[in-house]
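Note sheet for the following structure.
Each chain carries a letter (A, B and C) given by its place in the written order, and its residues are counted from 1.
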Amino acid sequence: MILGLNRRDTRFLIIVILLTLFTPFLMQPFSEGSALAQFNGGYPDLMAKVAIFGIFAMGFNILFGLTGYLSFGHAAFLGVGSYSAVWMFKLLTLNVFPALIFAVIISGLFALIIGYISLQRSGIYFSILTLAMAEMSYRLAYSVLTPITNGETGLQIRATDPRIFDSATSSGSPNLFGLELSSSFKWEVLNHVFTFNVGFYFCAFVAIIMFYLTLRIFRSPFGLILRAVKSNQTRLNYTGHNTRPYTLAAFVISGLYAGLAGGLLALMDPLAGAERMVWTASGEVVIMTILGGAGTLLGPVLGAGAIKYLEIIFAKINENVLHGWFGFLPDGLEDFIVFILSRFTGEGWHLTLGLMFMGIIIFLPGGLVQGGQRIAAKFRRKAPNDDDDSEHHPKSTSHVAE
Amino acid sequence: MAILEVKGVGKRFGGLHALSDVNLSVQENTVHAIIGPNGAGKSTLLNCLVGKLMPDSGSVLFQGQSVLGRKPHEINQMGISRVFQTPEIFGDLSVLENILIPVFAKRDGAFRLHPFETVQHEVAVIDKAMTMLEEVNMADKRDMHAASLSRGDKRRLEMAMCLVQEPKLLLLDEPTAGMARADTNNTIDLLKEIMDRRDITMAIIEHDMHVVFSLAERITVLAQGTPLVEDTPENIKTHPKVKEAYLGETAA
Amino acid sequence: MDAIFLQILNGLDKGSAYALIALGLTLIFGTLGVVNFAHGALFMIGAFCAVTLQKLFGLSYQVIDETQTDFLGKPLKVDVPYLESWLGPEFSAALMDWSVPLAILFSIPIMVVVGFVMERGLIKHFYNRPHADQILVTFGLAIVLQEIVKYFYGANPIQTGAPEMFKGALDFGVLIGFEPNKVIYPVWRLVYFLFSAVVIGGVFAFLRFTTFGMVVRAGMADRETVGLLGINIDKRFTIMFGLAAAVTGMAGVMYTPILAPNYHMGMDFLVLSFVVVVVGGMGSLPGAVLAGFLLGILQSFASMNEVKAILPGIDQIVIYLVAIIILLTRPRGLMGKRGVMEE
């Protein structure tokens, strides 16, 4: 027993830690200058985003994956986290810790209020309440709250900020006790360029801690009862558990994760805008969680990674790139294929995303994790239940607690 | 000693008197059945007992405390467990997990934030749950998905989920409704086993005479929202009013 | 008094749009029990029907006009719309001018087909899935539809105009006894309101007075019983989906002179229309209409400067605020029926 985990979970955690630490290698598999180099995803910015949105989705999964309550307003907490962090940068110091702590506290309070109100209802009404509440926050951030949010321009760090704990000579970007997050170390070997960025490793470190906490929550009696909420609320009530505080706790916890993610976003790029809070941004975390597999441990992180990676890679594949790939084909055929594919790449990324999401809901409601389990089961000719994540194998259908 | 006392309970739905002036008391350590033809108000009465409906008049006392206006989880915490017509279990969880949840409710109350404890380390809780599973002969199915159990096993599991809380009163709502004869007999055997093994107070709402006469020590016959008669099974069988109101129908 | 009257009028056109969209959403929800997040996309497709017709009318070929020369001294190339060469300049100009109202005729068959395809191709498979799955898959569909429109029409709003005779504003106040220039109201908004009143009246009459409508209403009330009577309710529900799509699409067509359509207008209206539906009461058609108008008017009152001075920002959030209060105090909404999507 290490850290309160059994052997299987410890092994699972170690694998996740190793994968995270070696991300700069894993996401940079192709050598520079090769035709496939554009599939490399080892930019600090992208890798940090994967970690950050992984945290966001992990938290969302505690609410949606475990209890089945589908919130369409979680981007609001992400936005609140970002604003809070930037304010700490402006007022106190560019050190990341006050910013993150403040982001978590404020978004947690915010989640407590919104959660308390929204959880008065369940099912679709809950979804609509969260939607309405998040839209309200978004619109207020754009209008009357401009003194706090700086409206459309977005909140950013300025040279004139008080920053009472920083010396006058300190630089203008967030740091970890003096070590700037934007600094990185490049390592060139065998025609590969690997970038090790302070910001990414900081986000990765936080993500690992959050993953560990999530694992503990999943294995706890609390997590068990949350799963029972999703499975059968009537039985749970008649068994003597009061569902309301359990769901509220799950809601607030997921809000804390979202606020933390928002804070991390602000420290990678200290600019907070209201567009982070719009309801379709909340839809994005829903998509990530479901793509990976709602209710599974690793699914939401995989989903966040897949979407953030594909988003950047797809944006890079323009018609020229496609012509490069299909240049060996006869001209007419080449043009035709490039024309079709270019509808789905570059600008067409959102189209692909929508189609992919629909496909997952229709054919694979358990997400990538379930898909992986099915494939693994086929190869081993064993029941799919034998996987690492088996205790949480997703239901064949997700649902709103009703 | 009466554990549950229903005094003068009345409930109207619009113009319909679903219940009027219902008085009955369930004695400790007895199996008390409430029977009656369809529409006699059995389900309404049960819903009043578990906090789902609020009667218009009268009182329901459990060990001297009123249960009216309380939420289902509060009533459970007072010591009343309930078995449903169709088994209500946690289909997505394993059989063992299904039993763990009521044990946690019994130990920790209606809410406790324990996100960083680990279920596997709760040895006492797991032991208690396993003992219960052994008692209902389901220990070998502990890791099965509850949804994949057979219908009879689901009923067994639900019963175990209630019993593991050692309730002071167990309410059963038509536990054999819609069951085939064999399943019904299995359920009766299960209930008899439970009665033999522990001191338990049960209130059964039931339509099936066979079940009632196999199990009950006291019977209340409900007709048109009021108790017609309350007596031992032997006396009920021969009671002329009952024959007229209820048995006449089914015997014919 | 006149200020209040003006605000009521101002609220009517927005309210009409909300009412029509919410009506379509409720038809789908009430009959099929499906929570359709792609409903805003139907409104958007309707709006782009108007844009498309305008573009079709404008299709042209080039002719060389020998009488004029361009700056290089070559004969000038002039674009001549096909319509003009086929139908003569006057008639084609009239068609062009009336393209938005004409687009209603154009949009109905398109919307019905879109509705059928959506229902048969996708939504049919989700009747027995949880509401969360319905929300998610239609949300995905909404993204896909919006991206397709974005590909064909670009990201910028496209202006369409109302017919010349409906342009400009009407001094509405004079007609009912206020002083001149107090209540000035754009004519097209009045047209929009009348149009929506006709459509809403039509839908209600259809449901009330036709056998088809009666069966559908019975099906909305109790699907199983109607099914047991041996009536094929599914087929009728598919038709209702087409009808709902057509109503929503028409709402979109007629709204284009008020708001230049862009590809994300569907998502913008979606949240609002859900809010309207829950305020009216899930599954209640009169509730949807009533709530649509009420919220439209409420919103226009909230945007008065006098109100904003007391409660800054209220114009931005009033609808959501009302929805939250209604949901918490009257879970069934204004006119909702018992037992619709409740715990």
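By definition in this document, a contact is a pair of C-beta atoms (placed from the backbone, for glycine too) under 8 Å apart; a residue touches a chain by one contact, two chains touch by 3 or more.
All figures in this text were calculated on a predicted structure; none of them were measured in a lab.
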item: Closest chain to global C-alpha mean, per-chain Cα centroids; value: A
item: Identity of the chain that, by mean CA position, is farthest from chain C; value: B
item: CA centroid of chain B to CA centroid of chain C, Å; value: 53
item: Inter-centroid spacing, chain B versus chain A (mean Cα positions, whole Å); value: 45
item: Interchain centroid distance [CA atoms averaged], chain A/chain C, Å; value: 35
item: Where chain A touches two or more other chains at once, by residue number; value: none
item: Contact footprint of chain C on chain A as seen in their complex; value: 68, 70, 117, 120-125, 127-129, 131-133, 135-136, 139-140, 142-145, 233, 279-280, 283, 286-287, 290, 343, 347-348, 350-351, 353-355, 357-358, 361-362, 365, 397-400, 402
item: Chain B residues within the chain A interface of the complex; value: 50, 71-73, 76-77, 81-82, 84, 88-93, 97, 100-102, 104-106, 108-122, 161, 165
item: Residues on chain A engaged by chain B in the complex (per definition of touch); value: 4-6, 213, 216-217, 219-225, 227-228, 230-232, 234-243, 245-246, 249, 253, 395
item: Complex interface listing, chain C residues touching chain A; value: 35, 122, 125, 129-133, 135-137, 139-144, 146-148, 151, 267, 271, 274-275, 278, 282, 312-313, 316-317, 320-321, 323-324, 327-328, 331, 341-343
